[in-house]
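Chains here go by letter, A, B and C, matching the order in which they are written, and residues are numbered from 1 within each.
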Amino acid sequence: MTTINFDSELRRAGAHSTRGWRRLTFLAQRYLLGTVGLVIMVLFVWMAISADLIARYDPLSVDSAQRLAAPSAAHWMGTDSFGRDVWSRIVHGARISLAVGIGATALGSTLGVIVGLVSGYLSGWVDLLFQRITDILQALPLLVLALVMTAALGPSLPNVIIAIAIPLIPTVARVIRANTLALRELPFVEAAKSIGMSETRIALRHVLPNTLAPLIVLATAQLGSTILTEASLSFLGLGIPEPYPSWGRMLSESAAEYVRTAPWLVIFPGVAISLAVFGTNLFGDALRDILDPRQRG
Amino acid sequence: MFAYIVRRLALMLVTLFGISVIIFVLLRVVPGNIVDILFDAAGFVDPTDKANLEKELGLNLPIYQQYLNWIGGLLHGDLGYSYVSEKPALQEILPRIPITARLAALALLFSASIGIPLGVLSAVHQGSRLDYTLRVVSLSGLSLPSFWLGLLILMASVSMFGSMPIYNPNPKTWTEAFAIYAVPAMAVGFRSAALTMRITRSSMLEILRQDYIRTARAKGASEASVNYRHALKNAILPVITVIGIEAAFLIGGLIVTETVFNIPGVARFLVEALRWRDYPIVQNLVMLIAVVVVVANFTVDMLYAAIDPRIRYGD
Amino acid sequence: MRSVHALAAAALLLLPAYDLASAGEPKQGGILRVYHRDSPGSASIHEGATYSINIPFMPVFNNLVIFDQHIAQNSQDTIRPELAESWAWSSDNKKLTFKLRQGVKWHDGKPFTSADVKCTFDMLMGKSQQKFRQNPRKSWYDQVSDVTVNGDYEASFELKRPQPALISLLASGYTPVYPCHVSPAEMRTKPIGTGPFKFVEFKANESIKLTKNPDYFKKGLPHLDGIEFTIIPNRSTAILGFVSGKFDMTFPTEVSIPLLKEVKSQAPNAVCVVEPINVSTNIIVNSSSPPFDNIDIRRALALALDRKAFVQILFEGQADIGGTMLPAPGGLWAMPKEMLESIPGYGPDINANREEARKLMQKAGYGPDKRLAVKVSTRNIPVYRDPAVILIDQIKSIYIDAELDVVDTAQWFPKVARKDYTLGLNLTGNAVDDPDQSFYENYSCGSERNYTNYCNKEIEKLFDQQSAETDVAKRKKLVWEIDKKLQEDVARPIIFHARQGSCWQPYVKGITIMVNSSYNGYRYEDVWMDK
C-alpha cells in the first residue's frame, strides 16, 4: 500500500524530531537533489507568476536601435533580431511552458484517472474497450501523436495542451487501473460494499484517494516530458504561434539564422528549457523515492 | 504459449486497425486540404479548378469510401500516390527508411555502450559519490532537448572546424560518413543513453538484493565475480528489452534531429508531409511507425513470456 | 543602372560578374552545385507562382523571347529572341507575330513546331482539353483573343486591344513553351523542354538534378555538365555549406542581410550582390467591415507607418520604399521622389504623421482610454510574420492594440477570400516590372488576387488607358498618377520592397542577378566555372 507517511519515513531514516522546521531541514538534507529540483521549480513558477515584475522590458516590444545586441548590463541575455529583450522573453516564456506543462499534465492525468478508474472498476466490455484505446494511443510515440494532433487542431495554446495531453492518458490509465484492480479485492472495499455504499461512491471515496501517490509520482515525471514536447513542437513550427514567446520557437527562429552571429539566441532559451525540465526531473525522482519506497534504488 | 501468441497477435491487429481509423479521421478534421496548399502558390484559389483537383485526388468521395480505398490498397501493398510529387507513396517512403534506420541503430549502439556500463557502475557503487554524480548526469541527459543538443553540436563544430556536417547521400570518406551519421546519432542517443543508464542501475540493484546473490556472496565469491558474473548477466535482459522498446520511441528524437541536421529520412519526411497535407504519405508513415512500435512491443513480450511463464496469465 | 544605394564594397564585388570579356574563354564542364531554399510543389513552372520553381526549372526550357540574361534591368529594350527568331507588331498593334526557329528538338527528340506554341497558350487561356491543375497567370492573357499558326514555324497572338506589355509578359521566366505531346501531369513530375539542361530527377526535400542537353540548339552551349540543387530549408545550415565550399552558389536572392555579413566574414572571396526582388510587403485592409470601413481609420493606419524602421530592422537599411511599382533605380515605373513624399504617410516627419493619425483616430472615437483592438492576420512564415510583429508594435502609437493571428498556409487564401480578417500582412511578387501585371492582378475589380476587393471604376479606366498607351513617356506619367491614387485610397498600403542577397564562388562566371525581377534570370546556358 502506498500511503503518504512522512513520520514513519523520517523515523526510519533516523530523525529524532518530526516537527516543524527541523523536519523540513531534515527532509531537505535527506533529499538534497529533490530539494534542488523543488527550488528550481519554485523559481520557474515564481518567474511565470511575476513575469511582469521580473521582465525588464515588454517581451513583444520591438526596438530597431537594439537589434541583435550581445548580452550587456542593459540586456542581460542580449536582444533578438527585432531588438526584443531575450531575458524578458524567457521570463514570459516560462508562462507558456508552465501553462502547457501543467495544463497538459493535469488534463492528461484527469482523463487517465477517469479511464483507469472506470476501466478497473467496471471491468467487462467497457474495460476491454478502454484497454484497446489505450493500446492504440500507446502505439504512437508522444511527439508523433502530438504532431498529427496539432496539425489537425491548428496551432494555438489550448490546442497544443490538448495535443500533448491525449498521449499522456494511457500511462496514467494503466497505473490507475492496476491499482484499482488491486484495491477492489481489499477488505475495506468489501466492507464498504457490504454496508451498501454505491459503486461510484466507493470508487471516489476509497479507491481514488489510495491511488493518489502513484498518480503524483507519475504526473511529476510527465511534467518534464510535456515541457520538452511543447518545445519540440514549437521548434518544428507546429506549436505555440507568435507573438507568445515560447522557448522552443525562440530556438527554431534563431537556429535558422543566427547560430553563428548571435549565439546567445541559441544558448539561453535552450538553457531555460533544460533547467526547467531538469528541476522537475530531480523533484520527480525524489518524490518517487518518498512516495513509492518499493522503487527506491 | 501458442494461445498466448495468437491472442497477442489478434490484439496487435486491433491496435493497428484503431490507429488507421484515428489517423485517417484526424487528418480529415484538419481545416484546409492539399488542394488549398497546392493552390497557395498561385495566390488565389479558383473554385472550379479546386473542385476538379479534389475529384482527381478522390477527395470528393465520402470519408468511409476514401478509407476503404486506402486500406484496400494497403492490403495489396499499394500505398497510393503522394499528392505532391505524384509518385507512388512507397517509392517516396522506401528510400528514406535506411537513412533513418542507420541513424536509429547508431543511436541505440551509442546509448547502450554508454548507458549500460555507467548504469552498472552506478549500481555497484550505490550511495557513493560516483553514483550520485552519475545519477545527476543521467537526469540532466533526460532534460536536454535533443534538437538543442544538435544545435550546440553544430555550433561547436562550426567554431572548431569552421564547417558542419551537411548530409550527402554518398559520403566519399570515412570521416564524412562519420560526421553525417554518427554526430546526429549522438545527439539522439544522448537521451536514450541516460534512460538506459537509469534502467540498468535499477534492475542491477534489484538483482543484487536477491537471494542467490547473497548466497554467492556467502559462498565467498569475490565482489567482482558477484557483480559482473552473476548480477549483470541477469540484469541485462530487462535492459535489452527496454532498448528494444526505446528503438521505437527514438522516433521523437529523430524527427527533430533530422530537421536540425537536414537529413532526408522518414522522420523529417513526416513533418514535411504534414505541412503539405500530403495525406497518403502521412497516413502510411504513421502506420509504419505504429507497426514498428507494436512489433517491438510484441517481441519484447514474447521474450519475457519465454523466460517467465507467469507473464502469460497476466495481461 | 545598378542600385546606387548598394554599399561601395558590394559594388566592387559586382565587377567580376561583368568581367566576362577579361575572364577569357569559357571553360567547359563541371556540375554547378546550388542549395535550394525549399522543396517546390512540382516541376511545372506554369502551375507555380514562386521562384522556388523558376530557379531550378528555368534551365530546362526556352521561351519565345526572353529578357537578356546579362542585363540586370529587364525592359522591352532587353528582350531577345529565343525559340522565336524575330517578332513584329501589326500596324494596328493588335497582332503580334513570331517567326520560329527551325530544327529545335524537345529533350525526348520530337521536333518543336508552332503547334507547341499554340498548345501552351491555349492551355494558359483555359481553351484546351487538357487542363493545368492550377493556372495562376491566366489573367496575363486576358487581352489575347486567339493564338493562330501559319505553317510549322509562325505563330501569332491576336489581341482584343493594343497591349504593348504583352511582349514583356512573354519574356518572363514564368512563360516557357511546353510541348504539346506531354501531359500537364508529366510536366509536373518529369518536365520536357527544349532548354540547355535536361531534367534528371527531383527528390522532394532532397535534391533536383539537371544535366547538359548535348543537342541544345545554341551551338557550344551550355558550358556546364549539369546543375544540382540540394534542398536545405535551414538558412544557417545552407550558408555554412556555401561558406565551407560545399556549394558553388547560394540560392539566388535568398541570402538575408545578416547572413550576408556572415558570408563576407567567412568567405571574403565570395561574390555577393544585394538586389531588389520586386516583391512588396503590404497591408491588406478589410474595408468592407468595421472598423476599417471608416476611411479616417484607414488613413490613420497609413500615417502611422514608420517605413524606415521596417527597413532598418529587417534589412539593416537595404530595402526600398515606394508605391505599388518597384522604386528606382531598379524599377522602371517608380514615381519621382517628390511625388512619393507628398502621399500621406510617406513624409519624413514620423512624429507629425502620427500626431495627425491620432487626431483621425480621436475623430473616429478612439483615444488613450478607448483603444481599438484588432487582429493582424498573416501566414506562419518568417517573411510574413516578422514585418507583422513590427507593424503591431508601430500601430500601438495610434491607440490600436493589435494581436498577431498566425494562419496556416492551407487556410490563408480561403480565409482571405472569405474576408475573415481585419488587417492582414501580405507579400506581392511581381514577375515582370510592368504596370499591366501589377495593376490588373492586384487592384482591378473582381481579380482573384485583389484580396481587399478594392474596386474603383475610374481607376480601372486609367488602367486600360495606360495599358493601351504605346508612348512610354506618356504611359509613365499615367502610371505615376494611378500609383499615387492607389496609395491615397489606402487600397493596400505598401510598406517596403524587399532586397535580398545572392552569392557565388569567385570561379563561377556568367551569372547576372536581375534588379527588377527575381523570376526571369535563370537560364544559365552560358554560366561556366573557371576551375
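Keep this in mind: a contact is a pair of C-beta atoms (placed from the backbone, for glycine too) under 8 Å apart; a residue touches a chain by one contact, two chains touch by 3 or more.
The UniProt protein names, listed by chain, are A, B = ABC transporter permease; C = ABC transporter substrate-binding protein.
Nothing here was measured: the structure is a model prediction, and the numbers come from that model.
Novice: Based on the averaged CA atom positions, which chain is farthest from subunit A (ABC transporter permease)?
Specialist: Looking at centroid distances, C is the chain farthest away.
Novice: Looking only at C-beta pairs in contact, point me to the busier pair out of A-C and A-B.
Specialist: When the contacts at A-C and A-B are counted, A-B has more.
Novice: Nearest whole angstrom, what separates the Cα centre of subunit B (ABC transporter permease) from the Cα centre of subunit C?
Specialist: Each chain reduced to its C-alpha mean, subunit B (ABC transporter permease) and subunit C end up 42 Å apart.
Novice: Counting in whole Å, what is the centre-to-centre distance of subunit A (ABC transporter permease) and subunit C, each centre being its mean C-alpha position?
Specialist: Centre separation, subunit A (ABC transporter permease) to subunit C: 47 Å.
Novice: Rounded to the nearest whole Å, what is the centre-to-centre distance of subunit A (ABC transporter permease) and subunit B (ABC transporter permease), using the mean of the C-alpha atoms as each centre?
Specialist: 22
Novice: Taking each residue of subunit A (ABC transporter permease) in turn, which ones touch at least two of the other chains?
Specialist: In subunit A (ABC transporter permease), residues 154, 237, 255, 259-260 touch at least two other chains, as defined above.
Novice: Which residues of subunit B (ABC transporter permease) are in contact with two or more other chains?
Specialist: Within subunit B (ABC transporter permease), residues 30-31, 154, 158, 259-260, 275 contact more than one other chain.
Novice: Where in subunit C do residues touch two or more other chains at once?
Specialist: Each of 234, 240, 408, 411 in subunit C touches at least two other chains.
Novice: Quick one: which bits of subunit B (ABC transporter permease) touch subunit C in the complex? Just the residue numbers, please.
Specialist: Touching subunit C: residues 30-33, 36-46, 49, 52-53, 56, 82, 84-87, 92, 154, 158, 162-164, 166, 169, 259-262, 264, 268-269, 272, 275-277 of subunit B (ABC transporter permease).
Novice: Note which residues of subunit B (ABC transporter permease) are touching subunit A (ABC transporter permease) in the complex, please.
Specialist: My answer: residues 11, 14-16, 18-19, 22-23, 26-27, 29-31, 123, 126, 135-136, 139-140, 142-145, 147-148, 151-152, 154-155, 158, 201-202, 205, 248-249, 251-252, 255-256, 259-260, 270-271, 274-275, 282, 286, 289-290, 293-294, 297, 315.
Novice: What residues on subunit A (ABC transporter permease) touch subunit C, complex-wise?
Specialist: Touch list, subunit A (ABC transporter permease) to subunit C: 60-62, 64, 67-68, 81-83, 154-155, 237, 241-243, 253, 255-261.
Novice: If you look only at subunit C, which of its residues touch subunit B (ABC transporter permease) in the complex?
Specialist: Touching subunit B (ABC transporter permease): residues 39, 41-42, 47-50, 53, 131-136, 185, 188-189, 202-206, 230, 232-234, 237, 240-241, 243-244, 246, 266, 408-414, 417, 448-449 of subunit C.
Novice: How about subunit A (ABC transporter permease): which of its residues touch subunit B (ABC transporter permease) in the complex?
Specialist: 33, 131-133, 135-136, 139-144, 147-149, 151-154, 224, 228-229, 231-232, 235-238, 248, 251, 255, 259-260, 263, 266, 270, 273-275, 277-278, 281-282, 285, 295, 297
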